[in-house]
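Pasting in a structure now, in structure tokens, and then I'll have a few things to ask.
Which chain is which? They are A, B, C, D and E, in the order written, and residues in each are numbered from 1.
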Amino acid sequence: MTLLTFVLTRVLPGSPIDEIAGPMATSQQRQALMRHYGLDRPLWTQYVAYLGGLARGDLGTSFVTSRPVAADLASFFPATMELTTWAMLLAVVVGVPLGVWSAVHRGTWIDHATRVLAVAGLALPVFWVSLVLIYLCFYVWHLVPPPIGRLPALVTPPPPVTGWMVVDSALARNWAVLGDAARQLILPVAVLALAAVAPLARVARTSMLDVLGAEHIRATRSLGIPWRRVVWTYALRNAMLPVLTMLAIVYGYLLGGSVLVETLFAWPGMGRYAFNAISGNDYPAAQGFILYATVVYLVIFIVVDVCSAILDPRIRT
Amino acid sequence: MFADAAYLLRRHPVSLAGVLLLALIAATALAAPVLAPASPLATNPGDALLPPSPRHVLGTDDFGEDLWSRVLWGGRIDLLIALGAVAVALLSGCALGAVAGFCGGWIDEGVMRTMDVLQAFPSFILAMGVAAALGPSLRNLIVSVALINVAIYARLMRARLLVVKHAPYAAAARAAGNPPWRVLTVHLLPNCLTPVVVQSSLQSGWAILTAAGLSFIGLGVRVPTPEWGVMVAMGVPRITAGAWWISFFPGMCIALAVMGFNLVGDGLQDLLDPQRR
Amino acid sequence: MRSFGLRLALAVVLALAGLGGIPAGSVGAPAGGSDTLVIAVSRDMQNLDPTNASSDSFTLETLTNVYSWLIDYKLVKQPNGQMIGDPNAFVGNLAEAYRFTDGGRKLVVTLRRGLEFSNGDPLDAAAVKFTYDRLFDQNATTAALTRMAKITDKGSVKVLDDHTVEFDIADPNTLVLGNMSQYGHAILNPRVVRPHMTADDPAAHEWLKSNTKGTESGPYLLESWEPGVQFTFARNPHYWGPPARIARVVFRIVPDPSTRLALLKSGNVDIARDLAPLDEVELMHDPSVTVYRFPTRITSFLGMNAKVPPFNNVKVRQAIAWATPYNTIIRNVMVGFARPLTSPVPSGMPTHTDQYFAYRTDPAKAKALLAEAGYPNGLSVTFTSRADLAESKGIAVWLRSGLAQAGITVTINEMQGAAFTAALQRHDLVFFHHPGWNSINNDPFYHLYWLMQSACCDYTNYANATVNDLITKNMISTDLKARAAASRRIQQIATEEAAWVFLYQPDLVLTTRKTIGGVVFYPADVRVRYYYMTKE
Amino acid sequence: MLDVRDLRVAFETRGRTVPALHGVSFALRPGTVAGLVGESGCGKTLTALAIMRLLPATAGIQAGDVHLNGRSLLDLPEREMARVRGAGIAMIFQQPRASLNPVFPVAAQLTHVLRLHRGLARRAALAEAEALLARVGLPGPTRILRAYPHELSGGMCQRVMIALALACRPRVLVADEPTTALDVTVQLQIVELLRALQQELGLTVLLITHDLGLVAEICDDVHVMYAGRIVESASVEALFRRAAHPYTRGLMTARVRAGGRALPTGIPGRVPPLGQTPPGCPFHPRCHLAGPECAAAEPPPEVVADGHIVRCHRWRAGVA
Amino acid sequence: MLRVEGLHKRYPVRGAGSGRHALHAVDGLDLEIEAGETVGLVGESGSGKSTAGRCILRLEEPTSGLIAVDGVRLAEAREAELRLLRRRMQMVYQDPLDSLNPRMPVGRQIAEPIWLLGVASRPEAERRVYGLLELVGLPGEVARRYPHELSGGQQQRVAIARALAPEPRLLILDEPTASLDVSVQAQIVRLLVDIQSRHGLAYLLISHDLSLVGVLAHRVAVMYCGQIVEIGNTDEVFARPAHPYTQALLSATPRDAPGEQRSRVLLRGEPQAPIDPPDTCRLYARCPCAAPACLERPAHLQTFAPGRAVRCVRFLDEHGRGVVSR
């Protein structure tokens, strides 16, 4: 994993030194910088040094921001996590019932309409929707605050505890900031959720259809349990399993999609950080980011696995 | 086949709409040289940023290029990206998955762990990294988009293969004297393709979106290539200034094409899975 | 069994309450009070060490606003009433006075009395000496520029008394003041910086990269820096001059240009930086916004690598210069926010002349030249543009269709920022757009040296013996007449030989709300000073 | 007790209406076990599902009526029907493990039913659940209550399912191939359990099976189905002694008899697939007695003896 | 003609606790089949009978054991030997639809073993298909059909035709009628008997259905938890079953007619998977006549009468005589 990350970043065209050194630097100054950043050594020694740093929890120092990558990530990641997690929740809250509803009314116009709606949400390019919505909701209709990141410009952020603006402000009992933070979230969360609703609804629908066709649902109904109960209690829990797996996949998709959304909403998140790192040949930053993203992604999968185990006893044994 | 089509028509008007949509897009893309009133690359300094009018049905962009012509030609490139990326991912993914599932053992371990690593990255970020490393070009764009999907096909293929591998007809084929490679290619692979086909239709839509996203951040194809994603990206800064048409129409095309692919995928899923009929 | 449904319902309620339930009260509210300036910028600052800073424009703008140096440009009022910092006139800044002695071999600087750093520490000759010692020890770009003006080493900087410093100049020249009037010569506080100097990092580079606290000497201090979010200036109470009119300046990082535009139009920010030229044109019709445009001396050109075929052939370069659609590019890409560049020495720089510039867009002439060069059937070239710069993309497209008229087929190759810079610095690019070079010293030889002779920045590998000779001879000289003649001769040669395709000099455009006043322009460094700004 | 009259069910596939049940009529006598016998695809499970009104979405009841104690079930609104299910008619299924919800422990599923149908409090429901599990012969009921279906064997699952069905105290129990998926030795246990419960609780049972041996084992009456029709109804004794329909007789001879060396005879041809039922008597293409009238018209029910009804033009020729 | 000795098939399983565990799916199977003979292998699901069949045909690699066909020992199956083995032996599977490739016309599937096993050339093989179809009572046009277009009975006939294609001497019939309709089962049973009488094939009939085995098999071997617990002449075993398990199986066969009375041997509980099984009696926990003696000695398969062997300590104690079978 680390090796792949390392190689992937080193094959990026160009060199960070030129950006650091500035145009007027002499070749001697460049050499000095290369030495300073350890870029003059053979690649494998660089890799060993990188691994050594990793072992000490040191992700290196960003060439561009000139801060420790770990510190950068610590400040950028919560922003993305907050954004994507709320989007995920919204998508679940909308998408899963939509899928279930669609499955229950399978083949009717309700089914068709929800499918078209869900598919349309998925089909619209995220950056395009973002911009149209910013234009309409902020600029024309004044429904949402300006897209300038997590808080309005002059608001002092609450003391960071979790890095989640909403949570931190709640912890600090700063309700005004909580409101500000929540309002800033509305549009980007809605945009991201729009794209996530479709796959969730689709999976919820198919798995619900599968479950509703299962023998045990028929058996449950044969015991005189009312239809609604059957759907929302007996069937839903079974149907949630594939949805959970999809949740992890969609989370990954949202983490990726955040690059685009963060740019447009001036969201100080890791998507933008990653883009800057990759296009700026900022090796330590890019490596650190990829590593961190992977860890987060793995954690999400672990959480999903745990949730699956809670939902499905068969996985536990 | 006809019965299937008739069935689709009656039971799945939505999927049918998807088929028609794709057919329309494919037809206009193919007929672009005939339909387009101008070359997609014909710049005209005097005609820049004209709104839709009878002369320029969809208006013009910054360079005075006729958007209608560009949208038509763009269909070719985007379909090429979608199909190319899916084809590359499908072929390599299926091959890897088939070999892993069939051989098992350390080969399986090796291939699937590699796929795990690929999938451990959020897909767009991986595509971004690969596209940045390769540099922007149509071919590299296809490769980057394909790479992030290889693992999906490999997994799908392997999972399906593990099922059919233990089907009695696989045993029967071996008992009939089929050497292993023949069991795999003649007996097992044809029976693994259904989920792959469904997946590729869905993935084609994703491919267009991913490609457009990469183009938006400057890692996709180069200007002035008439690719929908690039066109949207070019028009995005103009939306707030009122020139909505530049990115609106290519954006709609992306949405329609992706919708088409997704609806067809949905329909295929229903059609190919008799249980769900 | 019921609990799951219950939990789900709870989640729905919570989510709805969290997202929809809060009224959007402060929407559209104006940016802070009249004491605070809110600015939407496109990206973050980088490395803030003045003597070895990143060349990123926001980094340098910050350095310019939070540090002071000995000598600066003189503020003058233009006929139209606009205040500018004259690039050719200098006044003392931290210096109360300065004078050249010994026929230009010495520069004696007298400091103002009672100067203080932002933490209240005294700013005296010792601090100046400390600053220059560190500068030469570090031996980075600033040191090179200082040596270029013939102040060669630590020994050249002498403390005469607490308030007087003397600089030795090895060869009298005209570059000294220009080279010293910038952020690299920011005077640092030894009491703050010295503790961060270590054996590994004798220049305290690591600390200065992201810190200014206590060592600021300019009108503002860097109050906070949230990476990727915003950075804030606050008025420096210890500044020697009248305090800044606006107490706080908030720089909000908003990467997308259309978002910045929307923020400015809606009044959520006072100033929006780096807008698309087209948007700026549109803003000129917005009664609530002022669009300032200042002509710069930034040189934007198309580079053609003179060592690589076919561009080693003068006729090919000339053909391309005749085929380039100059007006289209200025009108459609820059939307008029640029002036034609008619010489390697930009207009506004002493000795500039356009009398040798004959190029127009004339495909027939270009074709003829191509035929003479041995390409009667046209030519295929690859043009490299920067993927992350909108105008670079636009130029590529117009160039492609323009050159096509002359039978030159252009393949466009886009490169991301870092890759482009790297290739540029290696002089690997064959045919490319240089987005703009600004010579901070308003001196033709300083300018020509870097772009046509220096090892680092002669990106096109242009090498004409006469030109090189003239630059070398006149660079360090005080003979203004000879210099003027030589400069004109170089302009003639380079223009006629089509050393580059001379594109344009972009304007500096600053878009502010109408409420903002006191905008002062510094053509030399093109950096915005917030010190003078006011807000109603 | 349970009275099914002229039940007609059709599938809606690919836009075509394919009839599956062509007028099924039979009645259950209270406190008896009736067998519904036939090969796969003859419509016996469909009949059961139609009675329960649990047909798959693609199938619909075209005509006919189902009466439980004189009350028509087909006209009931879904809410009412839900109340009839379980309390009126309960059902057990062929795949015991698949018919239990995999993600809930046995206790949750049982107590839910008990609380819903019998209005028991949580604690009482738990005690009753334990008693029920003991009643269906599950060792260690407390342990079973905590278990999930996948932790139980097939036989245990079927016992749990029976307990679930009994929890509602139904009058009628529909058992759809309750032993088919089980191991031979376990089948016997379940059959014994069903027999014991039936006698003890005085249940009326509709046993759906393809296994004439099982019919012989526990049924009082038999209804033989072929191609969506009941072709013969009789008491078990009468049927095994003197089957009147050539199909029933074919089924008898097709059985592989334990201990016997005689080869089974079987019936030529195959069961007609859904929607391809031949005109006239659906069995005539496979029937060795078939004559021209058989292809022409569907035979009406004829009384062979008291309580013995057959639908065959030529049953007399066969019996003679 | 087929001799199986000491056939073992173990699967590693991850059990609770530490250490390795093995599922002894087939645990020391000895079996001989003469030409033209039908041997029934009876047991419940999980008894290892199907695994045994698959191991004999080398569709699965046995853990250990010897298989000899016509005196040729196939300890190490090489590709050439496997071909030889499969020319002599073929298999018919339980579910005909699953055992046929859904994407290949059945004619090609029948032809495959002929040319792949080197019996005849490919064109010749394709000609022979029609003869084989006729042999199993199907019209020649079926050759062009796909499996799902055929009825269950027709599919099983195709499967039999395919098994017969390389002209084997032994057919392994794995529950050949279990998934068929009652009326069709009889047709297949008759077809199998017919083919055996005409071609002198030997059958290894794997089934859970004692009635079917009773009709078809000359000898019957009863398997429980991977082991043969009783073997002998079918009529004798059916008339006087020696092992309690055999008795239970026999008493579980359905009644022929209502009112027929029969002694019932009811086993408790359900079969357990033989994971790390003891070498004592594996039926002990379920056996109605279990006694302390059953746990004292390992249970071996012992001959107690000519052609009859049983693995029951109690029975052997009561019937005194007998020698260790191997």
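Structure notes:
Simple rule for what comes next: contacts are C-beta pairs under 8 Å (C-beta built on N, C-alpha and C of every residue); 3 or more make two chains touch, one makes a residue touch a chain.
What you see is a predicted model, and the numbers here were worked out from it, not measured in a lab.
Steps from subunit D to subunit E, taking the shortest chain of touch contacts, total 1. Among the inter-chain contacts, the highest number of C-beta pairs connects A-C. As a whole-number value, the distance joining the C-alpha centres of subunit A and subunit D reads 53 Å.
Taking the mean of the C-alpha atoms as each chain's centre, subunit B and subunit C sit 43 Å apart. Taking each chain's centre as the mean of its C-alpha atoms, subunit B lies 50 Å from subunit E. A straight line joining the Cα centres of subunit C and subunit E is 87 Å long.
Contact of a single residue of subunit D with at least two other chains is seen at positions 104, 112. The set of subunit B residues touching two or more other chains comprises 11, 132, 135, 218-219, 236, 239-240.
Interface residues of subunit A, counted against subunit C in their complex, comprise 12-16, 18-27, 29, 64-67, 72, 75-76, 86, 89-90, 92-93, 131, 134-135, 138-139, 142-150, 152-154, 157, 166, 179-180, 182-183, 185-186, 189, 232-234, 236-237, 263-266, 268, 272-273, 276, 279-281.
Residue ranges on subunit E touching subunit B, taken from their complex, read 54, 57, 59, 79, 83, 86, 90-91, 93-95, 98-104, 109, 112-113, 116-118, 159, 162, 165-166. Per the touch definition, subunit B reaches subunit E in the complex via residues 167-169, 171-179, 182, 186-187, 190-191. Here subunit A touches subunit B in the complex through residues 1, 4, 8-9, 11-13, 107, 112, 115-116, 119-120, 122-128, 131-132, 135, 139, 198, 202, 206, 209, 213, 252-253, 255-257, 259-260, 263, 271, 274-275, 278-279, 286, 290, 293-294, 297-298, going by the rule given at the top.
Contact residues of subunit E toward subunit D in the complex are 44-45, 151-154, 181-187, 189-190, 193, 208-212, 214-215, 235, 238, 248-260, 264, 266-267, 269-271, 286.
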